[in-house]
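Working notes, structure below.
Order of writing sets the labels: A, B, C and D. Residues in every chain begin at 1.
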Amino acid sequence: MAALTLDLARQVLAAQPFAQLVGTEITRFGGGSATLVVPVRPELSQQFGYVHGGVLSYLADNALTFAAGTVLGPNVLTGGFTVTYLRPGAGTRLRAVATVTGSTRRQAVVNCEIYAETGDSAAEPVLCAVAQGSARLVERALDDAGAQ
Amino acid sequence: MAALTLDLARQVLAAQPFAQLVGTEITRFGGGSATLVVPVRPELSQQFGYVHGGVLSYLADNALTFAAGTVLGPNVLTGGFTVTYLRPGAGTRLRAVATVTGSTRRQAVVNCEIYAETGDSAAEPVLCAVAQGSARLVERALDDAGAQ
Amino acid sequence: MAALTLDLARQVLAAQPFAQLVGTEITRFGGGSATLVVPVRPELSQQFGYVHGGVLSYLADNALTFAAGTVLGPNVLTGGFTVTYLRPGAGTRLRAVATVTGSTRRQAVVNCEIYAETGDSAAEPVLCAVAQGSARLVERALDDAGAQ
Amino acid sequence: MAALTLDLARQVLAAQPFAQLVGTEITRFGGGSATLVVPVRPELSQQFGYVHGGVLSYLADNALTFAAGTVLGPNVLTGGFTVTYLRPGAGTRLRAVATVTGSTRRQAVVNCEIYAETGDSAAEPVLCAVAQGSARLVERALDDAGAQ
(Lines give C-alpha, C1' and ligand atoms only; values in the text may rest on other atoms or scores of the structure.)
Protein backbone atom coordinates (compact mmCIF):
# COMPACT_ATOMS: atom_id res chain seq x y z
CA MET A 1 0.00 0.00 0.00
CA ALA A 2 1.05 3.55 -0.47
CA ALA A 3 3.00 5.02 2.39
CA LEU A 4 1.18 7.64 4.35
CA THR A 5 2.38 11.18 3.97
CA LEU A 6 1.67 14.30 5.97
CA ASP A 7 -0.90 15.29 3.36
CA LEU A 8 -2.69 11.99 3.65
CA ALA A 9 -2.49 12.13 7.43
CA ARG A 10 -4.12 15.57 7.29
CA GLN A 11 -6.93 14.09 5.22
CA VAL A 12 -7.40 11.28 7.73
CA LEU A 13 -7.51 13.75 10.60
CA ALA A 14 -9.94 15.97 8.69
CA ALA A 15 -12.20 12.93 8.27
CA GLN A 16 -12.41 12.44 12.04
CA PRO A 17 -15.34 14.58 13.21
CA PHE A 18 -14.26 14.40 16.85
CA ALA A 19 -10.77 15.62 16.02
CA GLN A 20 -12.45 18.51 14.21
CA LEU A 21 -14.71 19.19 17.19
CA VAL A 22 -11.62 19.49 19.38
CA GLY A 23 -9.75 21.46 16.74
CA THR A 24 -6.77 19.18 16.26
CA GLU A 25 -4.16 19.75 13.57
CA ILE A 26 -1.30 17.49 12.49
CA THR A 27 2.01 19.21 11.85
CA ARG A 28 4.45 16.34 11.50
CA PHE A 29 4.05 12.78 10.28
CA GLY A 30 6.69 10.28 9.28
CA GLY A 31 9.69 8.28 10.35
CA GLY A 32 8.09 6.82 13.45
CA SER A 33 6.78 10.09 14.76
CA ALA A 34 3.73 12.32 14.61
CA THR A 35 2.99 15.72 16.11
CA LEU A 36 -0.54 16.95 16.78
CA VAL A 37 -1.46 20.43 17.90
CA VAL A 38 -4.62 21.66 19.61
CA PRO A 39 -5.30 25.38 20.07
CA VAL A 40 -6.53 25.89 23.63
CA ARG A 41 -9.96 27.47 23.94
CA PRO A 42 -12.53 27.70 26.74
CA GLU A 43 -14.64 24.83 25.39
CA LEU A 44 -11.78 22.41 26.18
CA SER A 45 -11.51 23.21 29.88
CA GLN A 46 -12.68 21.71 33.15
CA GLN A 47 -14.27 23.59 36.04
CA PHE A 48 -11.06 25.33 37.13
CA GLY A 49 -10.19 26.69 33.72
CA TYR A 50 -7.43 24.22 32.92
CA VAL A 51 -7.61 22.00 29.88
CA HIS A 52 -9.76 18.97 30.74
CA GLY A 53 -7.73 15.85 31.43
CA GLY A 54 -9.92 14.10 28.91
CA VAL A 55 -8.62 16.40 26.18
CA LEU A 56 -5.08 15.35 27.04
CA SER A 57 -6.02 11.67 26.98
CA TYR A 58 -7.91 12.08 23.69
CA LEU A 59 -4.89 13.81 22.24
CA ALA A 60 -2.56 11.04 23.40
CA ASP A 61 -4.81 8.46 21.74
CA ASN A 62 -4.89 10.36 18.48
CA ALA A 63 -1.17 11.11 18.36
CA LEU A 64 -0.16 7.57 19.31
CA THR A 65 -2.25 6.12 16.53
CA PHE A 66 -0.79 8.42 13.88
CA ALA A 67 2.76 7.66 15.00
CA ALA A 68 2.04 3.93 14.82
CA GLY A 69 0.68 4.47 11.32
CA THR A 70 4.05 5.78 10.17
CA VAL A 71 5.56 2.32 10.72
CA LEU A 72 2.60 -0.03 10.35
CA GLY A 73 0.66 1.72 7.58
CA PRO A 74 -2.90 2.99 7.66
CA ASN A 75 -4.62 -0.17 8.90
CA VAL A 76 -3.75 0.23 12.55
CA LEU A 77 -5.95 -0.22 15.55
CA THR A 78 -4.89 1.26 18.86
CA GLY A 79 -5.13 -1.38 21.54
CA GLY A 80 -4.94 1.00 24.43
CA PHE A 81 -2.63 3.32 26.27
CA THR A 82 -1.60 4.69 29.62
CA VAL A 83 -1.46 8.37 30.40
CA THR A 84 0.11 10.05 33.43
CA TYR A 85 -0.73 13.66 34.19
CA LEU A 86 2.14 15.77 35.42
CA ARG A 87 0.82 19.33 35.37
CA PRO A 88 -2.45 21.07 34.47
CA GLY A 89 -2.83 22.01 30.84
CA ALA A 90 -2.89 25.76 30.26
CA GLY A 91 -1.53 28.27 27.77
CA THR A 92 -2.50 28.82 24.18
CA ARG A 93 -1.94 25.44 22.61
CA LEU A 94 -1.14 21.82 23.29
CA ARG A 95 1.48 19.95 21.34
CA ALA A 96 1.54 16.15 21.41
CA VAL A 97 4.71 14.53 20.17
CA ALA A 98 4.38 10.78 19.68
CA THR A 99 7.31 8.56 18.78
CA VAL A 100 7.50 4.84 18.12
CA THR A 101 9.76 3.24 20.71
CA GLY A 102 9.68 -0.28 19.41
CA SER A 103 7.82 -2.29 16.83
CA THR A 104 7.44 -5.71 15.34
CA ARG A 105 5.86 -6.41 11.98
CA ARG A 106 2.44 -6.30 13.58
CA GLN A 107 2.66 -4.09 16.64
CA ALA A 108 4.14 -0.74 17.60
CA VAL A 109 4.69 0.71 21.04
CA VAL A 110 4.59 4.48 21.08
CA ASN A 111 5.57 7.09 23.66
CA CYS A 112 3.86 10.44 23.67
CA GLU A 113 4.60 13.70 25.43
CA ILE A 114 2.07 16.48 25.63
CA TYR A 115 3.29 20.02 26.12
CA ALA A 116 1.40 23.21 26.86
CA GLU A 117 2.77 26.23 25.04
CA THR A 118 2.10 29.92 25.22
CA GLY A 119 2.36 32.62 22.61
CA ASP A 120 5.54 33.78 24.31
CA SER A 121 8.30 32.33 22.20
CA ALA A 122 10.80 32.76 25.03
CA ALA A 123 8.80 30.54 27.36
CA GLU A 124 9.64 26.88 27.72
CA PRO A 125 6.86 24.46 26.78
CA VAL A 126 5.43 22.82 29.89
CA LEU A 127 5.22 19.04 29.94
CA CYS A 128 1.64 18.26 31.03
CA ALA A 129 1.25 14.57 30.37
CA VAL A 130 3.17 11.53 29.26
CA ALA A 131 1.58 8.52 27.61
CA GLN A 132 2.54 5.14 26.25
CA GLY A 133 0.37 2.95 24.09
CA SER A 134 0.39 0.25 21.50
CA ALA A 135 -1.25 -0.29 18.16
CA ARG A 136 -1.59 -3.36 16.03
CA LEU A 137 -1.80 -4.00 12.36
CA VAL A 138 -5.35 -4.89 11.34
CA GLU A 139 -5.32 -7.71 8.86
CA ARG A 140 -8.89 -7.43 7.79
CA ALA A 141 -11.12 -4.54 6.82
CA LEU A 142 -11.54 -2.05 9.61
CA ASP A 143 -15.31 -2.17 9.35
CA ASP A 144 -15.15 -5.80 10.38
CA ALA A 145 -13.28 -4.88 13.52
CA GLY A 146 -16.25 -5.57 15.78
CA ALA A 147 -14.67 -8.58 17.37
CA GLN A 148 -10.98 -8.00 17.79
CA MET B 1 -16.38 19.18 53.95
CA ALA B 2 -19.84 18.35 52.73
CA ALA B 3 -20.16 15.00 51.05
CA LEU B 4 -20.74 15.16 47.35
CA THR B 5 -24.18 14.19 46.16
CA LEU B 6 -25.50 13.43 42.70
CA ASP B 7 -26.87 16.96 42.52
CA LEU B 8 -23.49 18.45 43.35
CA ALA B 9 -21.79 16.07 40.95
CA ARG B 10 -24.15 17.29 38.22
CA GLN B 11 -23.16 20.86 38.99
CA VAL B 12 -19.47 19.96 38.78
CA LEU B 13 -20.01 18.24 35.44
CA ALA B 14 -22.07 21.18 34.17
CA ALA B 15 -19.13 23.43 35.07
CA GLN B 16 -16.77 21.47 32.83
CA PRO B 17 -17.06 23.03 29.38
CA PHE B 18 -15.41 20.07 27.68
CA ALA B 19 -17.87 17.63 29.25
CA GLN B 20 -20.60 19.86 27.89
CA LEU B 21 -18.99 19.95 24.46
CA VAL B 22 -19.06 16.15 24.42
CA GLY B 23 -22.55 16.05 25.90
CA THR B 24 -21.81 14.03 29.02
CA GLU B 25 -24.41 13.43 31.75
CA ILE B 26 -23.96 11.87 35.16
CA THR B 27 -26.63 9.44 36.25
CA ARG B 28 -25.23 7.84 39.36
CA PHE B 29 -22.81 9.08 42.00
CA GLY B 30 -22.06 7.68 45.42
CA GLY B 31 -20.79 4.74 47.38
CA GLY B 32 -17.56 4.31 45.44
CA SER B 33 -19.16 4.43 42.04
CA ALA B 34 -20.16 6.87 39.33
CA THR B 35 -21.95 6.39 36.02
CA LEU B 36 -21.58 8.79 33.12
CA VAL B 37 -23.58 8.68 29.92
CA VAL B 38 -22.78 10.19 26.51
CA PRO B 39 -25.37 10.25 23.74
CA VAL B 40 -23.65 9.17 20.53
CA ARG B 41 -23.75 11.69 17.70
CA PRO B 42 -21.79 12.12 14.47
CA GLU B 43 -19.52 14.80 15.95
CA LEU B 44 -17.98 12.18 18.26
CA SER B 45 -16.87 9.77 15.57
CA GLN B 46 -13.66 8.90 13.75
CA GLN B 47 -13.25 8.39 10.03
CA PHE B 48 -15.08 5.06 9.91
CA GLY B 49 -18.17 6.25 11.74
CA TYR B 50 -17.37 4.62 15.07
CA VAL B 51 -17.03 6.65 18.22
CA HIS B 52 -13.51 8.10 18.34
CA GLY B 53 -11.22 6.23 20.72
CA GLY B 54 -10.41 9.58 22.25
CA VAL B 55 -14.03 9.96 23.33
CA LEU B 56 -13.79 6.66 25.16
CA SER B 57 -10.57 7.69 26.85
CA TYR B 58 -11.96 11.10 27.79
CA LEU B 59 -15.00 9.37 29.23
CA ALA B 60 -12.87 6.98 31.26
CA ASP B 61 -10.92 9.92 32.69
CA ASN B 62 -14.07 11.75 33.66
CA ALA B 63 -15.85 8.75 35.16
CA LEU B 64 -12.79 7.61 37.10
CA THR B 65 -12.40 11.00 38.69
CA PHE B 66 -16.02 11.21 39.78
CA ALA B 67 -15.90 7.71 41.28
CA ALA B 68 -12.74 8.63 43.20
CA GLY B 69 -14.54 11.72 44.46
CA THR B 70 -17.16 9.58 46.14
CA VAL B 71 -14.53 8.24 48.53
CA LEU B 72 -11.91 11.02 48.63
CA GLY B 73 -14.15 14.08 48.44
CA PRO B 74 -14.11 16.84 45.86
CA ASN B 75 -10.40 17.72 46.02
CA VAL B 76 -9.15 14.89 43.90
CA LEU B 77 -6.63 14.96 41.12
CA THR B 78 -6.49 12.09 38.67
CA GLY B 79 -2.92 10.88 38.36
CA GLY B 80 -3.46 8.92 35.22
CA PHE B 81 -5.11 5.84 33.83
CA THR B 82 -4.87 2.97 31.41
CA VAL B 83 -7.50 2.19 28.83
CA THR B 84 -7.81 -0.94 26.70
CA TYR B 85 -10.12 -0.92 23.70
CA LEU B 86 -12.07 -4.10 23.13
CA ARG B 87 -14.62 -3.20 20.45
CA PRO B 88 -15.51 -0.15 18.38
CA GLY B 89 -17.98 2.21 19.98
CA ALA B 90 -21.31 2.38 18.19
CA GLY B 91 -25.00 2.54 19.01
CA THR B 92 -26.95 5.39 20.52
CA ARG B 93 -25.15 6.05 23.77
CA LEU B 94 -22.08 5.24 25.80
CA ARG B 95 -22.33 4.34 29.45
CA ALA B 96 -19.22 4.48 31.64
CA VAL B 97 -19.46 2.72 34.97
CA ALA B 98 -16.56 3.50 37.28
CA THR B 99 -16.07 1.77 40.61
CA VAL B 100 -13.42 2.24 43.28
CA THR B 101 -11.50 -1.00 43.67
CA GLY B 102 -9.26 0.03 46.52
CA SER B 103 -8.37 3.14 48.40
CA THR B 104 -6.22 4.53 51.15
CA ARG B 105 -6.88 7.81 52.92
CA ARG B 106 -5.15 9.65 50.13
CA GLN B 107 -5.47 7.57 46.98
CA ALA B 108 -8.16 5.62 45.17
CA VAL B 109 -7.78 3.09 42.39
CA VAL B 110 -10.79 2.90 40.13
CA ASN B 111 -11.92 0.47 37.45
CA CYS B 112 -14.13 1.64 34.64
CA GLU B 113 -16.12 -0.19 31.99
CA ILE B 114 -17.53 1.58 28.98
CA TYR B 115 -20.54 0.08 27.24
CA ALA B 116 -22.21 1.02 23.97
CA GLU B 117 -25.98 0.78 24.11
CA THR B 118 -28.69 0.99 21.51
CA GLY B 119 -32.27 2.15 21.77
CA ASP B 120 -33.33 -1.48 21.63
CA SER B 121 -34.00 -2.42 25.23
CA ALA B 122 -33.70 -6.12 24.41
CA ALA B 123 -30.13 -5.73 23.17
CA GLU B 124 -27.20 -6.40 25.46
CA PRO B 125 -24.87 -3.47 26.06
CA VAL B 126 -21.56 -3.99 24.28
CA LEU B 127 -18.38 -3.63 26.32
CA CYS B 128 -16.16 -1.30 24.28
CA ALA B 129 -13.36 -0.37 26.63
CA VAL B 130 -12.01 -1.10 30.08
CA ALA B 131 -9.91 1.32 32.08
CA GLN B 132 -8.13 1.56 35.40
CA GLY B 133 -6.79 4.69 36.97
CA SER B 134 -5.90 6.33 40.21
CA ALA B 135 -6.66 9.64 41.83
CA ARG B 136 -5.11 11.33 44.83
CA LEU B 137 -6.38 13.67 47.44
CA VAL B 138 -5.11 17.18 46.82
CA GLU B 139 -4.05 18.76 50.08
CA ARG B 140 -3.74 22.26 48.82
CA ALA B 141 -5.91 24.45 46.64
CA LEU B 142 -6.40 23.03 43.18
CA ASP B 143 -5.27 26.23 41.52
CA ASP B 144 -1.86 25.69 43.08
CA ALA B 145 -1.63 22.29 41.48
CA GLY B 146 0.96 23.43 38.96
CA ALA B 147 3.70 21.31 40.44
CA GLN B 148 2.26 18.09 41.66
CA MET C 1 -8.74 -28.25 22.51
CA ALA C 2 -9.39 -29.54 25.97
CA ALA C 3 -10.47 -26.96 28.48
CA LEU C 4 -7.89 -26.15 31.09
CA THR C 5 -8.63 -27.38 34.57
CA LEU C 6 -7.07 -26.50 37.90
CA ASP C 7 -4.95 -29.65 37.67
CA LEU C 8 -3.62 -28.66 34.28
CA ALA C 9 -3.08 -25.10 35.43
CA ARG C 10 -1.00 -26.47 38.32
CA GLN C 11 1.10 -28.41 35.85
CA VAL C 12 1.64 -25.30 33.74
CA LEU C 13 2.67 -23.31 36.82
CA ALA C 14 4.97 -26.12 37.94
CA ALA C 15 6.63 -25.95 34.51
CA GLN C 16 7.50 -22.28 34.99
CA PRO C 17 10.87 -22.22 36.75
CA PHE C 18 10.52 -18.57 37.74
CA ALA C 19 7.15 -19.22 39.39
CA GLN C 20 8.85 -22.00 41.30
CA LEU C 21 11.72 -19.71 42.28
CA VAL C 22 9.20 -17.28 43.74
CA GLY C 23 7.16 -20.08 45.28
CA THR C 24 3.84 -19.44 43.57
CA GLU C 25 0.87 -21.77 43.93
CA ILE C 26 -2.44 -21.70 42.06
CA THR C 27 -5.54 -22.32 44.15
CA ARG C 28 -8.39 -21.47 41.83
CA PHE C 29 -8.77 -21.64 38.07
CA GLY C 30 -11.87 -21.48 35.96
CA GLY C 31 -14.86 -19.45 34.93
CA GLY C 32 -12.94 -16.31 34.04
CA SER C 33 -10.92 -16.21 37.21
CA ALA C 34 -7.67 -17.46 38.69
CA THR C 35 -6.15 -17.12 42.15
CA LEU C 36 -2.44 -17.38 42.81
CA VAL C 37 -0.81 -17.47 46.22
CA VAL C 38 2.77 -16.67 47.21
CA PRO C 39 4.06 -17.42 50.72
CA VAL C 40 6.02 -14.39 51.89
CA ARG C 41 9.65 -15.05 52.79
CA PRO C 42 12.70 -12.83 53.25
CA GLU C 43 14.06 -13.60 49.78
CA LEU C 44 11.11 -11.72 48.24
CA SER C 45 11.68 -8.42 50.01
CA GLN C 46 13.22 -5.06 49.22
CA GLN C 47 15.59 -3.10 51.44
CA PHE C 48 12.95 -2.12 54.01
CA GLY C 49 11.64 -5.62 54.58
CA TYR C 50 8.45 -5.25 52.56
CA VAL C 51 7.71 -7.49 49.63
CA HIS C 52 9.54 -6.12 46.58
CA GLY C 53 7.23 -4.25 44.21
CA GLY C 54 8.63 -6.46 41.46
CA VAL C 55 7.16 -9.51 43.18
CA LEU C 56 3.75 -7.88 43.09
CA SER C 57 4.12 -7.02 39.43
CA TYR C 58 5.38 -10.51 38.56
CA LEU C 59 2.40 -11.93 40.42
CA ALA C 60 -0.04 -9.70 38.56
CA ASP C 61 1.45 -10.85 35.25
CA ASN C 62 1.16 -14.49 36.17
CA ALA C 63 -2.36 -14.28 37.58
CA LEU C 64 -3.66 -12.20 34.67
CA THR C 65 -2.39 -14.73 32.17
CA PHE C 66 -3.99 -17.67 33.93
CA ALA C 67 -7.32 -15.87 34.20
CA ALA C 68 -7.21 -15.07 30.49
CA GLY C 69 -6.49 -18.74 29.83
CA THR C 70 -9.79 -19.70 31.40
CA VAL C 71 -11.65 -17.96 28.59
CA LEU C 72 -9.19 -18.06 25.68
CA GLY C 73 -7.59 -21.46 26.24
CA PRO C 74 -3.94 -22.29 26.77
CA ASN C 75 -2.49 -20.44 23.78
CA VAL C 76 -2.56 -16.97 25.26
CA LEU C 77 0.08 -14.33 25.21
CA THR C 78 -0.07 -11.48 27.68
CA GLY C 79 0.29 -8.22 25.83
CA GLY C 80 1.03 -6.15 28.87
CA PHE C 81 -0.51 -4.74 31.99
CA THR C 82 -0.67 -1.82 34.36
CA VAL C 83 -0.11 -2.12 38.08
CA THR C 84 -0.81 0.47 40.75
CA TYR C 85 0.67 0.02 44.21
CA LEU C 86 -1.57 0.99 47.09
CA ARG C 87 0.23 -0.31 50.18
CA PRO C 88 3.47 -2.13 50.97
CA GLY C 89 3.28 -5.90 50.82
CA ALA C 90 3.76 -7.57 54.21
CA GLY C 91 2.31 -10.44 56.20
CA THR C 92 2.63 -14.13 55.57
CA ARG C 93 1.30 -14.55 52.08
CA LEU C 94 0.14 -12.73 48.99
CA ARG C 95 -3.06 -13.65 47.22
CA ALA C 96 -3.65 -12.46 43.66
CA VAL C 97 -7.22 -12.69 42.42
CA ALA C 98 -7.53 -12.12 38.68
CA THR C 99 -10.87 -11.89 36.92
CA VAL C 100 -11.71 -11.41 33.25
CA THR C 101 -13.64 -8.17 32.88
CA GLY C 102 -14.34 -8.39 29.20
CA SER C 103 -13.32 -10.51 26.27
CA THR C 104 -13.75 -10.98 22.57
CA ARG C 105 -12.97 -14.21 20.73
CA ARG C 106 -9.35 -13.21 20.58
CA GLN C 107 -8.62 -10.92 23.50
CA ALA C 108 -9.37 -10.78 27.19
CA VAL C 109 -9.01 -7.87 29.58
CA VAL C 110 -8.36 -8.93 33.13
CA ASN C 111 -8.43 -7.11 36.46
CA CYS C 112 -6.28 -8.32 39.30
CA GLU C 113 -6.20 -7.49 42.99
CA ILE C 114 -3.29 -8.49 45.20
CA TYR C 115 -3.89 -8.87 48.90
CA ALA C 116 -1.44 -9.40 51.75
CA GLU C 117 -2.69 -11.80 54.39
CA THR C 118 -1.47 -12.80 57.80
CA GLY C 119 -1.84 -16.03 59.71
CA ASP C 120 -4.43 -14.31 61.87
CA SER C 121 -7.72 -15.48 60.46
CA ALA C 122 -9.55 -12.58 62.10
CA ALA C 123 -7.48 -10.00 60.23
CA GLU C 124 -8.74 -8.46 57.02
CA PRO C 125 -6.59 -9.02 53.96
CA VAL C 126 -4.81 -5.83 52.94
CA LEU C 127 -5.14 -4.69 49.34
CA CYS C 128 -1.58 -3.98 48.20
CA ALA C 129 -1.85 -3.58 44.46
CA VAL C 130 -4.37 -3.46 41.66
CA ALA C 131 -3.59 -4.37 38.06
CA GLN C 132 -5.28 -4.54 34.70
CA GLY C 133 -3.92 -6.26 31.65
CA SER C 134 -4.84 -7.91 28.43
CA ALA C 135 -3.97 -11.16 26.74
CA ARG C 136 -4.52 -12.31 23.20
CA LEU C 137 -5.10 -15.65 21.60
CA VAL C 138 -2.00 -16.85 19.81
CA GLU C 139 -2.92 -18.35 16.48
CA ARG C 140 0.37 -20.00 15.80
CA ALA C 141 2.77 -22.05 17.88
CA LEU C 142 4.09 -20.16 20.87
CA ASP C 143 7.68 -20.88 19.96
CA ASP C 144 7.15 -18.87 16.79
CA ALA C 145 6.07 -15.87 18.82
CA GLY C 146 9.27 -13.98 18.12
CA ALA C 147 7.57 -11.34 16.05
CA GLN C 148 4.19 -10.60 17.48
CA MET D 1 20.55 14.79 51.58
CA ALA D 2 23.52 13.40 49.77
CA ALA D 3 23.01 12.74 46.10
CA LEU D 4 22.88 9.11 45.17
CA THR D 5 25.82 7.77 43.28
CA LEU D 6 26.32 4.52 41.39
CA ASP D 7 28.13 3.12 44.43
CA LEU D 8 25.25 3.96 46.71
CA ALA D 9 22.77 2.63 44.18
CA ARG D 10 24.71 -0.65 44.14
CA GLN D 11 24.42 -0.82 47.91
CA VAL D 12 20.67 -0.22 47.73
CA LEU D 13 20.29 -2.95 45.12
CA ALA D 14 22.45 -5.32 47.17
CA ALA D 15 20.11 -4.68 50.12
CA GLN D 16 17.11 -5.89 48.11
CA PRO D 17 16.93 -9.66 48.64
CA PHE D 18 14.57 -10.15 45.71
CA ALA D 19 16.91 -8.32 43.34
CA GLN D 20 19.63 -10.65 44.57
CA LEU D 21 17.41 -13.69 44.07
CA VAL D 22 16.91 -12.63 40.44
CA GLY D 23 20.57 -11.71 40.06
CA THR D 24 20.18 -8.06 39.11
CA GLU D 25 23.13 -5.69 38.75
CA ILE D 26 23.14 -1.94 38.26
CA THR D 27 25.59 -0.59 35.72
CA ARG D 28 24.59 3.03 35.29
CA PHE D 29 22.95 5.51 37.61
CA GLY D 30 22.68 9.26 37.33
CA GLY D 31 21.41 12.16 35.32
CA GLY D 32 17.85 10.93 35.05
CA SER D 33 18.75 7.44 33.95
CA ALA D 34 19.55 4.02 35.35
CA THR D 35 20.56 0.77 33.69
CA LEU D 36 19.98 -2.62 35.28
CA VAL D 37 21.28 -5.92 33.95
CA VAL D 38 20.07 -9.45 34.64
CA PRO D 39 22.05 -12.48 33.47
CA VAL D 40 19.59 -14.93 31.93
CA ARG D 41 19.51 -18.37 33.55
CA PRO D 42 17.03 -21.27 33.52
CA GLU D 43 15.49 -20.30 36.87
CA LEU D 44 14.09 -17.13 35.29
CA SER D 45 12.13 -18.82 32.52
CA GLN D 46 8.55 -19.81 31.85
CA GLN D 47 7.34 -23.14 30.48
CA PHE D 48 8.61 -22.55 26.95
CA GLY D 49 12.13 -21.61 27.95
CA TYR D 50 11.78 -17.86 27.44
CA VAL D 51 12.35 -15.43 30.25
CA HIS D 52 9.17 -15.23 32.32
CA GLY D 53 7.14 -12.10 31.63
CA GLY D 54 7.14 -11.50 35.36
CA VAL D 55 10.92 -11.12 35.29
CA LEU D 56 10.57 -8.39 32.68
CA SER D 57 7.91 -6.62 34.73
CA TYR D 58 9.96 -6.93 37.93
CA LEU D 59 12.92 -5.51 36.08
CA ALA D 60 10.90 -2.58 34.76
CA ASP D 61 9.72 -1.80 38.30
CA ASN D 62 13.24 -1.88 39.66
CA ALA D 63 14.81 0.15 36.88
CA LEU D 64 12.07 2.77 36.90
CA THR D 65 12.48 3.33 40.60
CA PHE D 66 16.24 3.80 40.37
CA ALA D 67 15.89 6.24 37.51
CA ALA D 68 13.35 8.25 39.48
CA GLY D 69 15.78 8.27 42.38
CA THR D 70 18.34 10.09 40.27
CA VAL D 71 16.07 13.13 40.15
CA LEU D 72 13.96 12.83 43.30
CA GLY D 73 16.53 11.41 45.72
CA PRO D 74 16.40 8.18 47.66
CA ASN D 75 12.97 8.61 49.27
CA VAL D 76 10.92 7.60 46.26
CA LEU D 77 7.95 5.32 46.10
CA THR D 78 6.90 3.86 42.78
CA GLY D 79 3.22 4.44 42.25
CA GLY D 80 2.83 1.97 39.46
CA PHE D 81 3.73 1.32 35.86
CA THR D 82 2.59 -0.10 32.57
CA VAL D 83 4.53 -2.68 30.65
CA THR D 84 3.97 -3.84 27.07
CA TYR D 85 5.62 -7.02 25.86
CA LEU D 86 6.94 -6.93 22.33
CA ARG D 87 8.99 -10.10 21.98
CA PRO D 88 9.93 -13.07 24.16
CA GLY D 89 12.98 -12.59 26.33
CA ALA D 90 15.88 -14.85 25.37
CA GLY D 91 19.65 -14.66 25.01
CA THR D 92 22.23 -14.33 27.73
CA ARG D 93 21.22 -11.19 29.53
CA LEU D 94 18.54 -8.58 29.89
CA ARG D 95 19.35 -4.90 29.96
CA ALA D 96 16.77 -2.44 31.27
CA VAL D 97 17.40 1.20 30.42
CA ALA D 98 15.15 3.58 32.34
CA THR D 99 15.06 7.31 31.67
CA VAL D 100 13.10 10.08 33.31
CA THR D 101 10.84 11.68 30.72
CA GLY D 102 9.38 14.39 32.89
CA SER D 103 9.33 15.39 36.50
CA THR D 104 7.97 17.90 38.94
CA ARG D 105 9.43 18.53 42.38
CA ARG D 106 7.50 15.59 43.72
CA GLN D 107 6.89 13.18 40.88
CA ALA D 108 8.85 11.65 38.03
CA VAL D 109 7.57 9.81 34.98
CA VAL D 110 10.03 7.30 33.63
CA ASN D 111 10.23 5.31 30.41
CA CYS D 112 12.02 1.98 30.35
CA GLU D 113 13.15 -0.28 27.55
CA ILE D 114 14.20 -3.85 28.17
CA TYR D 115 16.55 -5.50 25.72
CA ALA D 116 17.67 -9.09 25.40
CA GLU D 117 21.31 -9.45 24.48
CA THR D 118 23.47 -12.36 23.48
CA GLY D 119 27.17 -12.98 23.94
CA ASP D 120 27.62 -12.21 20.26
CA SER D 121 28.85 -8.64 20.20
CA ALA D 122 27.85 -8.29 16.55
CA ALA D 123 24.20 -9.06 17.29
CA GLU D 124 21.71 -6.28 17.81
CA PRO D 125 20.01 -6.21 21.20
CA VAL D 126 16.37 -7.26 20.88
CA LEU D 127 13.75 -4.97 22.38
CA CYS D 128 11.53 -7.26 24.49
CA ALA D 129 9.41 -4.90 26.52
CA VAL D 130 8.67 -1.23 26.99
CA ALA D 131 7.38 0.27 30.21
CA GLN D 132 6.34 3.60 31.63
CA GLY D 133 5.80 4.36 35.27
CA SER D 134 5.80 7.07 37.85
CA ALA D 135 7.34 7.55 41.24
CA ARG D 136 6.67 10.10 43.93
CA LEU D 137 8.75 11.70 46.59
CA VAL D 138 7.93 10.28 50.00
CA GLU D 139 7.81 13.03 52.56
CA ARG D 140 7.84 10.86 55.61
CA ALA D 141 9.90 7.86 56.63
CA LEU D 142 9.51 4.98 54.25
CA ASP D 143 8.68 2.55 57.03
CA ASP D 144 5.58 4.60 57.74
CA ALA D 145 4.41 4.17 54.20
CA GLY D 146 1.56 1.86 55.14
CA ALA D 147 -1.11 4.29 54.08
CA GLN D 148 0.00 6.11 50.99
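In this section, contacts are C-beta pairs under 8 Å (C-beta built on N, C-alpha and C of every residue); 3 or more make two chains touch, one makes a residue touch a chain.
Quantities reported herein were computed from a predicted structural model and do not represent experimental measurements.
Peer 1: Can you list every chain that touches subunit A and also touches subunit B?
Peer 2: Neighbours common to subunit A and subunit B are C, D.
Peer 1: Average the CA atoms of each chain to get its centre, and name the chain whose centre is farthest from that of subunit A.
Peer 2: C
Peer 1: Pick the pair with more C-beta contacts: B-C or C-D?
Peer 2: C-D
Peer 1: When the C-alpha atoms of subunit A and subunit C are each averaged to a single point, how far apart are the two points in Å?
Peer 2: The separation of the two C-alpha centroids amounts to 32 Å.
Peer 1: Taking the mean of the C-alpha atoms as each chain's centre, how many Å separate subunit B from subunit C?
Peer 2: 27
Peer 1: CA centre of subunit C versus CA centre of subunit D: separation in Å?
Peer 2: 20
Peer 1: So which bits of subunit C are touching at least two other chains?
Peer 2: Within subunit C, the residues that touch at least two other chains are 79-80, 82, 84, 86-87, 104, 107, 134, 147-148.
Peer 1: For subunit B, which residues are in contact with subunit D within the complex?
Peer 2: Its residues touching subunit D are 79-80, 82, 104-107, 134, 147-148.
Peer 1: Which residues, counting only subunit D, touch subunit C once they are in their complex?
Peer 2: Per the stated touch rule, the residues are 12, 15-22, 42-48, 51-55, 57-62, 65, 77-88, 129, 142-143, 145-148.
Peer 1: Hey, which residues of subunit A end up touching subunit D in the complex?
Peer 2: 82, 84, 86-87, 101-104, 107, 109, 111, 113, 127, 130-132, 134
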